[in-house]
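Here come two complexes built around subunit A, the first alongside subunit B, the second alongside subunit C.
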Partner chain A sequence: MVIEIGHFSVVIALVLSAFGIVSSILALKTRNVDWVRVGRVSLTSIFILLSIGMASLIYSFLIRDFSVHYVATTSNSQLPLFYTIAAVWGGHEGSLLLWVFILSTFSTIAVWLHWRTQPTIMPYLIGMECLIIMGFLLLILFLSSPFDRLIPAPPDGKDLNPLLQDPAMVMHPPMLYMGYVGFSIPFSFAMAALFSGRLGEEWIKVTQRWTIFAWLCLTTGILLGGYWAYYELGWGGYWGWDPVENASFMPWLVGTAFLHSVMVQEKRKMFKVWNLFLIIVTFSLSLIGTFLVRSGVLTSVHTFATDPERGLYILIFVTTIIGIAFGSLMIRAHKLKSQVEMDSMVSRESMFLFNNLFFLVATATVFLGTLYPLMVETWQGTKVTVGPPYYNTVFMPIALGLLFLMGIGPYIPWRKASQASLKKNFLVPLVIGLLATIILFTLGIRSIFALAGAFVVGFSGAAICIDFGKISSLYSRRASVSFLKGSLSAFTSNQRRYSGLLTHVGVLVLVIGIIASTVYQTEKVVSLKVGDEFIIDDYRVKLERIHEVRGKNWSAQEGVFEVYEGDSLLTKLRPQKRVYDASQTPTTESAIYAKNMGHIFLTMPDVSPDGVAVARGVINPLILWVWGGGGIMGLGVLLNIFRPRKRDE
Partner chain B sequence: MTRTTQITILIVLLGLLSLFYQGLWGDPRHIPPILIGTKAPIFEGPDVESGEPLSSKKYQGKVILVNFWASWCQECKVEHNNLLKLYDEFKDHPEFIMLGINYQDEMPKARAYLKQYGSSFPHVRDVKGALAIDFGVYGVPETFVIDQKGVIRHKWIGPIVGDVYTNLTNKILTPLLNKSAPTI
Partner chain C sequence: MGSKNKKVSLIISILLVGGALAYLALGNFGENLVYFFTPSEVKAFSPDYYQKKVRVGGMVVEGSMEAYADRLGMIFELTDGEATIPVTFEGIPPDLFKEGQGAVVEGYWTNQHKFQSNLIMAKHSEDYMPIELKRAGVELPRKDFMKSLIQ
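Presenting the complex of A and B:
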């Protein structure tokens, strides 16, 4: 009964979404604000109805109603409570419902939040969001319904994929979807600007916080996915250039470009077409990503079940939205000629231009690598894969270029940089960058990637620290307070700028972590019997015993490994080879010990019947800097979003 | 936005649309027919360690075990010791040949991998990836067994560990090699 209530609510929501589009069109035609109010009520009602839909699904999971098909295929009676809730978005149908639920939540908030200040674009905003909602609801109700019954109901369900029975995995989809959906708000505002012809800076100023919030969610979602892959998949890596990983990375790249590029329009009323183009591409990539992972066009560990019919519908839907967006842009483009020309190739404007170009080229390389297998298969019939070597060769140099720009951009003047200002701002950072490279070289490091990375990190890091140090000491001297107090005043005096720079610092920390854990990773794979030991780096690892362990819904063979540094026992690591009861799926559970901000990472991929274990040990230096860097990035964004409002905002 | 830019965007979008549309009707899970029962392709390439040219023509009439691997492949590392063990077990049989094929890799990294993990049988470098396509290889590791008549008799996708190892040695290789054992 409950699930039918949920189903019915979603059906009504579909009708209301169509109505929301109609009322918005009527609002524009009749110029009657009552129609806009009707649209707002429709959107709000959609939110309430989809909440009921989600609630009914969650409830069915909690009471273990296996007569609901989706509940039976993604959970079972032994599944712990926490993961039972997560199972709601563990499969294709439920995750789509989550997507549209978040979409309706954000849309409703956006409409209510900006109602008073943005009356003119409201009909466009409501209409666009309702159009996207309608597209998803049609997909859900006709081709991917989580509300279908399974009669007769099985006595127990299948199971949630064991790989998903994990805390990071629980949060990963909601975070990602909040990112994708978050970008739909500036996208809809951009569409509103294009349709209404009000092509000034308004839409950018209004959506600035939405954009960085969406960026924060998307970044967190991607990092969570990487973190999960790292300890759950058991190969000690956190990024594989898998098609579905790339599908989330591409909107992130263009979204980051957009986030920066809008500053130029705010400051100098330039890049108008760029910004519209960038947000359209960002949201399009979110939708294309949704298409790629659910249509069956690509294969990966992440993809949901394949179904060409479903894929065809999604393709039509995505094409419609993207077609409308690019079409509007091209029609209006001629109205967007900026009055201001770029003064010089050595200016902040040009740095932002390079920023946009580099991010777009980076996205294009990832896009090409992701789609190449599909192209070859379609035109030649053969199957190929594109692996890390391609991405590392093509993407890394661009990434280094971007990191270099990160150190120049904030410190180069607008309009035109004089030789004197260039020298003043960049001489010392350049020297420090070179010093960093030389130091690493003398330490025996020869990897081009690490050396170039050292240069850009040293350069950019120095630029940020020197600038902030100068401003902080200025403030501390002016008010005769300590340097610390001075730096606090400096930070809050221009919180938007400095929180952004804090995020940049986070990026540098992340990059150092990536370089260290990639270039200096040591690895050893050995076969051992109980009592044997092996050496990795400065550590001695001894297999003490192998025994059976039981969990709530799994059983495992666990190896107990003693890790020694010199003669002292550091820790005992317990990697497992697990089998989940319901699905009989095996997983490799890794064991990790943190030391010196790096990880000793151990897995036991195989145990033969005669007691010979294969153990794989990895030392990942400074890997905690990867997650820590991500944390600093997030902190910077939060300080940006929650900054005191200035008079002109 | 210039006319050129507009047209470029339009072409890119239409291209993507047609690509995705055609892609829908392919099956990404469908791996091309395993080639079992068909004649194995003749292959050649430089030896990974010495650089000398190697050709499978030299080994016609023998039982050849071919293993595709790469230095960046994690599962390959897991099975490596088993491969060495397998070679050790069968190397004295006059009709047994074992060859590794290095897939989508860089020579220095491949050599370093062999140095680190051990090498006892020859490895061929798959220049241009043609060997992988000829064998229908979709990823690594993949292992093939070719009989004395040059016909592919067995293929395994994934690492050779545990039961897979026992199955390969006892149920595939041993019978094939014993069949040709001279009758006393």
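Presenting the complex of A and C:
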């Protein structure tokens, strides 16, 4: 009964989304504010109705109502409570509902938040958001409903995929979706600017926090996914250029380009068409990403069943939104000529331009690699995959270039930089970058990736530190306070800038982690019996015993491995080979010990009946810098979002 | 410098950088493509294909799996119902790899008419959540990709 209430609510939400679109059009035609109010009521009601829809689905999972088809396919009576809730978005039906629920939440918040200050934008915002919501609701209700009944009900459910029974996986999809959906707000404001012809800088200033919030969510989502892959899939790495990962990486890349290039428009009133283009591409890629993953199109490469109807609908929907967006951009583009021109090649503007160029080439690369197999399969019928080496060769120089720009861009003046200022700002960082490279080289490091990485990280890190150090000491001298206090007041004096630079520092830390854990990873695979040991790096690993352990919905063979450094026992690691009860699916659970900011990572992929275990050990140096860098990036973004408002904002 | 000159030099430098990056992105593309075949197609390979990395998908023949006694790995047979090919595999198979189930192997077809592989992607027979399972299925290629950075 409860699930029908949810279903019915979502049906009404669909009707209201059409109503919201119509009322927005009427508002624009009649110039009557009442129609905008009707739109606002529709949107708010959609939010409430979709909340009911979500609640009814969660409830059905909690009472384990296996007469609901979706509940029966993604959960099981023995599934722990925590994962039972996560199972709501464990399959594509539920995750699409979560997507549109987040969309309705964000758009309702945006409408109420900007209602007073942005009255003219409202009809466009409401109309656009309702259109996207409608597209999703049609898909959910007619092609991918989580509310369908399964009569007669099975005695028990099929269970949630064991790999998804993991804390990081619980948060990964919602964070990604909040990122995708968050970009819909600046997108809608951009569309409003295009439709209304109010093409100033206002839409960018209003949506700056939305953009950076969406970016934070997307970044967190991607990092969580990497973290999950790292310890759950048991291969000891975190990024594999899998099409599913690529789908979330593309909007991130363009979104990052966008949040940089808007600064040029704010400060110099340039890049107007370009910024509109970027946000349209960002949101389009968010839609494409969702649909690529959720339609099952991508999996067709590996011959899993797909639903052609859903694929076709998705294609039409995405094409419609993208068509509307780019169509209106083309019609308006002539009105958007910059009043100012680029003054010099060596200026902050041109650095932003190159930043954008790098990010877009990166996006195009991922796009090509992800979609080329689909195109080939569609048109030629041959199946093909693009290997990770492709992405690595292309991304390495792009990443290094971007990191280098990171050290230049923020310290080069707008308009035109003089030779003297270039020398003053960049001579010391250049020397430090070179020193870092030379030191690593003398330490015996010969990987080009690591050496080039050391140069750019050293250069950019030095540029950031030197500049902030100078400002801090200036502030501390002026107010005659300690250096620490001075740096604090320097930070708050221009929090937007320095929180951004803090995020840059996070990126540098992350990159150090990636380089170290990639280039200097050691791996060893051995088969051994109880009492045997093997050497990996500086450690001696001994299999002490293998025993059975039992979890709530799984049983496992657990290997107890003693890790010695020299003669002293460092730790005991307990990797498992699990079999989940309901699906009888085996999984390999890793065991990890952190040391010197790196990981000793151990899995036991196989135990034969006669007691011979296969063990795989991986040493990942500085891997904690990857997640730590991510944390610093997040902190920088939070300080940006929650900075005190300035008068001109 | 005149304003026209600046514009020209800007455009030229964008074209140069963009062109270099585009060359990077497209120049490597072809050689990194890995094509997918069925066992029947593999059997019909001409010698030109012997050095090409390919993927082959099929069912693991029941009773064909035999682990090496002295090292990690195994031999097994892969079939598409029409043709069957022998596969020699070195490494750790994924969790879901089993006889009678579907699997995709990556490697080379040799002149001894054996398929040499060090990468298996297993498929799940149940139909739920193919996407995540696919992620799981590709656990092994990830192992190698970062390493390729060093080369």
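General observations
The criterion applied here is as follows: the second predicted complex is superposed on the first by the 639 of 649 C-alpha atoms of A that agree within 3 Å, B and C clash if a C-alpha of one lies under 4 Å from a C-alpha of the other, contacts with A are read in each partner's own complex, and residues count from 1 in each chain.
Basically, a residue touches a chain if its C-beta (ideal position, glycine included) is under 8 Å from a C-beta of that chain, and two chains touch if they have at least 3 such contacts.
In this text the structure is predicted, and so the values were computed from the model without any measurement.
Superposition note: with subunit A as the common reference, subunit B and subunit C are in steric clash.
By the document's definition of touching, of the two partners only subunit C reaches A:T365; subunit B does not. Of the two partner chains placed around the shared chain by superposition, neither subunit B nor subunit C is touched by A:G94. In the superposition on chain A, A:G630 makes contact with neither subunit B nor subunit C.
A simple residue count on subunit A separates subunit B from subunit C, and the partner touching more is C. By the touch criterion stated above, A:G20 is placed in contact with neither subunit B nor subunit C.
By the touch criterion defined above, A:F291 lies against subunit B but remains apart from subunit C after alignment on the C-alpha atoms of chain A. Applying the stated contact rule after C-alpha superposition, one finds that A:P605 touches each of subunit B and subunit C.
After overlaying the two complexes on the shared chain, residue contacts for A:P389 are found with subunit B and with subunit C alike.
By the touch criterion stated above, A:L357 is placed in contact with subunit C alone, subunit B being left untouched.
Contacts of A:G486 after superposition on the shared chain: neither subunit B nor subunit C is touched. With chain A as the common frame, the single stretch of subunit C that clashes into subunit B is 43-51; none of the other options in 7-15, 25-33 or 43-51 do.
On subunit A, the surface patch touched by subunit B in one complex and by subunit C in the other comprises residues 235, 237, 296, 298-299, 303, 382-385, 387-389, 523, 525, 527, 605-606, 608, 614, 616. Partner subunit C is touched in their complex by these residues of subunit A: 73-74, 90-92, 158, 161, 163-164, 229, 233-237, 239-242, 244, 293-294, 296, 298-299, 301-305, 341-345, 350, 353-354, 357-358, 361, 364-365, 368-369, 372, 382-390, 392-394, 396-398, 447, 449, 518-519, 521, 523, 525, 527, 583, 585-588, 605-606, 608, 614, 616.
Of all the residues in subunit B, the ones that touch subunit A in their complex are 1, 6, 9-10, 13, 16-17, 19-29, 31-32, 70, 72, 74, 77-78, 80-81, 104-106, 117, 129, 133, 136, 138-139, 159, 161-162, 165. The residues of subunit C lying in touch with subunit A in their complex are 3, 6-7, 9-10, 13-14, 17-18, 21-22, 24-25, 28-29, 32-36, 53, 55, 57, 67, 72, 91-92, 95-96, 102, 104, 121, 123-124, 126-150. Every residue of subunit A that touches subunit B in the complex is listed here, in rising order: 235, 237, 273, 277, 288, 291, 295-299, 303, 306, 308, 311-312, 315, 319, 322-323, 326, 329-330, 333-334, 336, 371, 374-375, 377-378, 382-385, 387-389, 523, 525-527, 605-609, 614, 616.
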